[in-house]
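In the two complexes below, chain A is the common chain; its partner is chain B in one and chain C in the other.
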Partner chain A sequence: MTDRPLDAPTHADLDPSRRASSANGALRSLVAALGSVAVGLLVMLAAVAGFGYPPLIVARAFVASVLGNGDRIAAALVLACPLAIIGLAIAVSFRAGVWNIGGEGQYVLGALAAFLAAHAGLAQTPVLGPIVLLVAGALGGAAWAALAALLKRYRGAPEILTTILLNFIAVQVVAIAVHGPLADPLSGDRDTTASIPAAAQLPQLIPTAGLHAGILVPIALAVVAWIALARTTPGFRLRVVGDNPIAARFVGIHADRVAARTLMLSGAIIGLAGAVELAGNTHYLTAAYDAGYGYTAIAVALLARLHPIGVLPAAAFFAALETGARGLQKLPDEAFRDFPTVLTFFAQGTVILVTVLLTRMRISGATSP
Partner chain B sequence: MTRRRLACIAGTASLIAAVGCPRSDSPPAATQPTTSAPGSVVRVALLHPGRENDGGWNQLACTALRTLRERRGVETSATFAPNRSTFKSDLRDYAGQGYTLVVCHGSEYVKAAREVARDFPRAHFLVTGSADAGEGVATLDLRLWEATYLCGIIAAGLVPEGPAGLIGGQDIVTVRHTMNAFARGARSVKPGYPTFAQYVGSWDDVARAQQTAASLIDTRGTKVLFQNADAASHGIFEAARKAGVFVFGANSDQKDALPDLVPASAVIDMERAFEQVLDAIAAGTFRDQVLVGDLRSGIVDAVVNPRFEGRLSPATRSALAAARRQIIAGQLDVLGDR
Partner chain C sequence: MNDVTVPELVASTLHRGVQAAVPLALAANGELIAERAGLLNIGIEGVMLIGALGGVASAWWTGSAVAGLIGAALAGALAALLFALWTVAWRRDQVVTGLAINLLAFGLTGVAVQRLDRFAESHGSTFVAPPLPMPAGIDPLATLTLLVVAVTHVAIFCTRPGLTLRAVGENPEAADTAGIRVALVRFIAAAVGGALVGLAGGALSVGMTHRFQEFMTGGRGFLALALVIFGRWSPIGVAIAACFFGLLDALQVTLQPTLGDAVHLLYPALVALPYVLTLVALAGVTGRARAPAALATPYDPR
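Entry: the complex of A and B
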């Protein structure tokens, strides 16, 4: 079956009544997501009370830990940055019915590729340096995702399995590289690499708070993805394949090819996240560089109901949860003395679980573009 | 359903509005740090990469912090911070709150601490388990391998034929050193003593650790184990209990895990280390240098389980005493050619 040209917006898409219905659907999605987050937070506070801590004081401290001052807001935004980029990549792949669970591996491989590129001559140039890193990161992530795409294409291996298995390999590849050839020669510890050159680092928007220019990447990507999904032919094909691959084939869309390209695109975006994090925040690799973003970002994408713009507030919400949880631990207040860290993770898990349960998202084609 | 959800939103919004405005006793905003002026309250913060109840490396630091609080009236705070992306923001947060000393418990924090220390020249930063001091960051080089060398001598004394299984959580330099020194200690009294080393690949995967230990016992005929795997060590203890083989503790005295099967532990006296650091800060002698915790300083040691005191042969006791003397005198490098 050939891949023949297909007009992007159909007559149905341009129909005003259809668009109004789509807007209503988006509003309903927003209300559902906000409602489930609210219920999740209430359950979290109930759990906190159940463990014997005063819920109102915990809530107050939690909010102060996230919004207490500019530095804390910046810290939450820095944390939200990779979550948003990876969440966006996962949302795009899920919209095409491609189950990319390999975010963790693509993220660390993207960071590794960016680190290697940081030592190329071109990366030592100001302005060009960070761009080289970001391109290298995207290529690294795409290459890692391509392995899963190839396995699916030629061996029929489902990507939901291969991507998750490739995560473990990628994490070990980075660990071996950091312990071995990439270990900082000036460090006796040999558990980290050297920092990347200053010219290859992303500019700091608020240096004292660590807020870097990479925070603009997910915003730009989300807008581009939204427009691409809603208003372009490739985006339309992607949505059709996600909604009904059989129907897609009947109208001449090569569903397998679209799925493979989407997986690689998703990997590229996730690799970009690794590069942004390296160039903007961490500046060096450690043997255990994986941070769980690849998995948390799935929850981010689901909470956003796979909407590219929705990913931004969803990522901010999860980042705020983690920042608030860490903030609680930092309080010297008597009320929080020996506050068990497991409780903060229990709280986060509760919110995620309730959110996912109540959102009742339809994974494929659940939302308007 | 929609109405119910809206009610939930309204309820939560009211709750957040009620609690959202920070009180005057809420966490202080980021301010310039203060050093420990005479009479002021000393504040110590700790970032640790693993769970505080892991029975090993992380629990060690958290317990020491609690002891400091009780003994010296120090104000303390500890944060579980395993995510590389938040290292700097956590460090900035603590330094900005004016903590006297920010302890980072593990070498993975070194570079982040160095970057942040530039912005907070009046705060004191200490990274444990590292020898990479500089740029405003002091490090505490904890040479636990000197104690594991002694444990190796005990192992060879108790099970002369071996073999010993050495299990690390992850393959990092400090853990590798403890395993290598254990093997060298055993071979110092029993040349050619067989050892098999494996890594769990995780600090907290109890099941995988148990499988790793069971595999060493079943396939290699291991009669004695040494482990340095933090929370994952619970699985190793369980495998040792089932097979009835000896298992050595690491980081803290772990004899209580299996009183009849833990002959000794290589321990770190983190309270003493922290107290020495606080004394140096108070005396104004704290610098961005490498502080050494070893047998000579008394910060690391091999602690024999009292139940095993009587089971150590005179030859083993003699070898232990001689090795201890030589290590303290600097005449014995327990790692040999690294």
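Entry: the complex of A and C
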């Protein structure tokens, strides 16, 4: 921990695959990503077959249930939206060598903060309403991440553990809020809140398909993050801290400070995802609001090899996988009625294992418990 | 609830506390062995899940709970060997690999239990483990855990293999120079540690609920990671920390009926309590505890 040799993880700097800036590097990344996806899909099909489903029929039904009609594509895009935003935030923190595993907690806290803001006066104004929610969500996520950042900075508690622990706490915080003060008096079981006011909701692009304006947020954010990481001084500092904390110290960068700020920035982006999802898609909170996005988004970030733009297709891929599995259950064929969607977690794990194998990706940073 | 006397309540809480401490102590000791060799396995939550399922599966198949525990340990060791293959043989990032194993295990066990339920049903049976024998009223799992803790403690601090293990975790270069095969030691540590983590899963499923439920470990693997820090990488210290959290878990169950109408509101707070206390403890302890120097660092013998 404190007296761990700081020069230990710097092999990463010598590793040419870390530098994906050249065209060659970009091509290699793309090949590696496609390879991971292909192997991941093959392993998943093998598992499907192993569990007694006919793999080819599943594969065909799967594709049909994702791409079959516009509504299914829209459903995949709606799911890809939070995954992409959270994946982006995780990519940014991993680039700085900061282990933000707290996506789940920052996401639900962001949603909670946005929900509270939805009842403020300012949120009732038409255009301003959703913006108030997004700001509140970002603040909520940042505040939750700040707990881990403070514990790390002043008490030396490893964020890799504290962020995970904070996930479990955040889920219960939302449960308490929903069961207690925020419960909808009309819902008998006190397990849901009322919907947020219409003025605070994000506008729908295609109302019949549930496609909301929030899906533009990850696209804009990815471009901003890409430019910020590659072309600005704070972005440079962040990358130096991630690649080589020693070098950072020699050029006068306070690695601890940058790491703490990165964790809070990451939390803010994830909180924003919670707000976008609330304002665009779910519209109300439930006592069990967590959906596992925080963990899936880790797979998104890694498949994208921590590249902000790469996060977009990676999120679309995992969203398609999930909606495909859900779509299988809705097919008329009885055999798929109970098709286990939890299989998608298996695919996420496989894709990460193959990605890390193909690319030697190593996230250094001076952080380990 | 009204006709239960206070001593009875205390006794049942203590009993439940020991039961809850067993999987925590086993998992944390397994992780400790791996960490002493320089392997940080964030994936022990998943390894524990695989052990829990492997345990019920082998207990159901053989009709013996003891065979179930052995199956749980073997399943855990196998899952941990996958981790070692990636991180030791191929020197991949330990945290990323661990995270992948969690996702993998969550998906795999979720699907497998559904299919196994169906399979057992089609053979006119249910997918459950028979209860463990209790010779002379002694809890076999608690006894086994005590033994494991004692043996690990002595082995790590008082034997030559223990010294080898610690050398690999503190300074693999020096260990290599002294003729120790670093990769082999790490593989063995991963397998032995994984077996204990798998056994912890088996203690949950075979030992307590007799069945497997999706994500039944509920974050205990992550708690075990923190316990290793509280116990300062010493098996006895880890076991004491596990007992504390086990008691906390039991208190939660005991207090639950006394909440009355407030249960809706307070129950989530009780569920969150162990995690809050873990955070507080991490804030207090980590500055003073020292991790094995080569923890989470791949060793490249070039």
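The rule is short, and it goes like this: the second predicted complex is superposed on the first by the 315 of 369 C-alpha atoms of A that agree within 3 Å, B and C clash if a C-alpha of one lies under 4 Å from a C-alpha of the other, contacts with A are read in each partner's own complex, and residues count from 1 in each chain.
We adopt the following convention: a residue touches a chain if its C-beta (ideal position, glycine included) is under 8 Å from a C-beta of that chain, and two chains touch if they have at least 3 such contacts.
Fair warning: this is a prediction, and the values are worked out from it, not measured in the lab.
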(Q) Quick one: is A:A32 in contact with chain B, with chain C, with both, or with neither? Answer first, second, both or neither. (A) first
**OP:** Pick one for A:R190: touches chain B only (first), chain C only (second), both, or neither.
**Re:** both
*Which of the two partners, first being chain B and second being chain C, lies in contact with A:I164: first, second, both, or neither?*
second
Contacts of A:A230 with chain B and chain C, given as first, second, both or neither
neither
Once chain A of both complexes is superposed, is A:I131 in touch with chain B (first), chain C (second), both, or neither? neither
Discussion item. Just to be sure I read the superposition right, which of the two partners does A:K330 touch: chain B = first, chain C = second, or both, or neither?
Written reply: first
First (chain B), second (chain C), both or neither touched by A:H179 | both
In the overlay, answer first, second, both or neither for which of chain B and chain C A:L302 touches. second
Footprint intersection on chain A (chain B / chain C) at 172, 175, 179, 190, 338, 340, 342, 344
Contacts from chain B onto chain A in the complex sit at residues 2, 4-6, 8-9, 11-13, 15-16, 18-23, 25-27, 29-30, 43, 45, 51-52, 66, 75-81, 83-90, 92-94, 96-97, 107-108, 110-112, 115, 119, 130-132, 170-174, 201
The residues of chain C that touch chain A in their complex are 40, 42, 86, 90, 92-93, 95-97, 99-108, 110-112, 114-115, 214, 219, 222, 225-226, 229, 264-265, 268-269, 271-272, 275-276, 278-279, 282-284, 286-287, 289-291, 293-298, 300
Note: in the complex, chain A contacts chain B through residues 28, 31-32, 34-36, 38-39, 41-42, 45, 56-57, 59-61, 63-65, 67-72, 74-75, 78-79, 82, 172, 175, 179, 186-192, 195, 207-210, 277, 281-284, 286-289, 291-292, 322-323, 326-327, 329-333, 338, 340-342, 344, 358
Residue positions on chain A within touch of chain C in the complex are 1-5, 8-9, 11, 47, 51-52, 99, 101, 147, 151, 155-158, 160-162, 164-166, 168-169, 172-173, 175-176, 179-180, 190, 295-296, 298-299, 302, 338, 340, 342-350, 352-353, 356-357, 360-363, 368-369
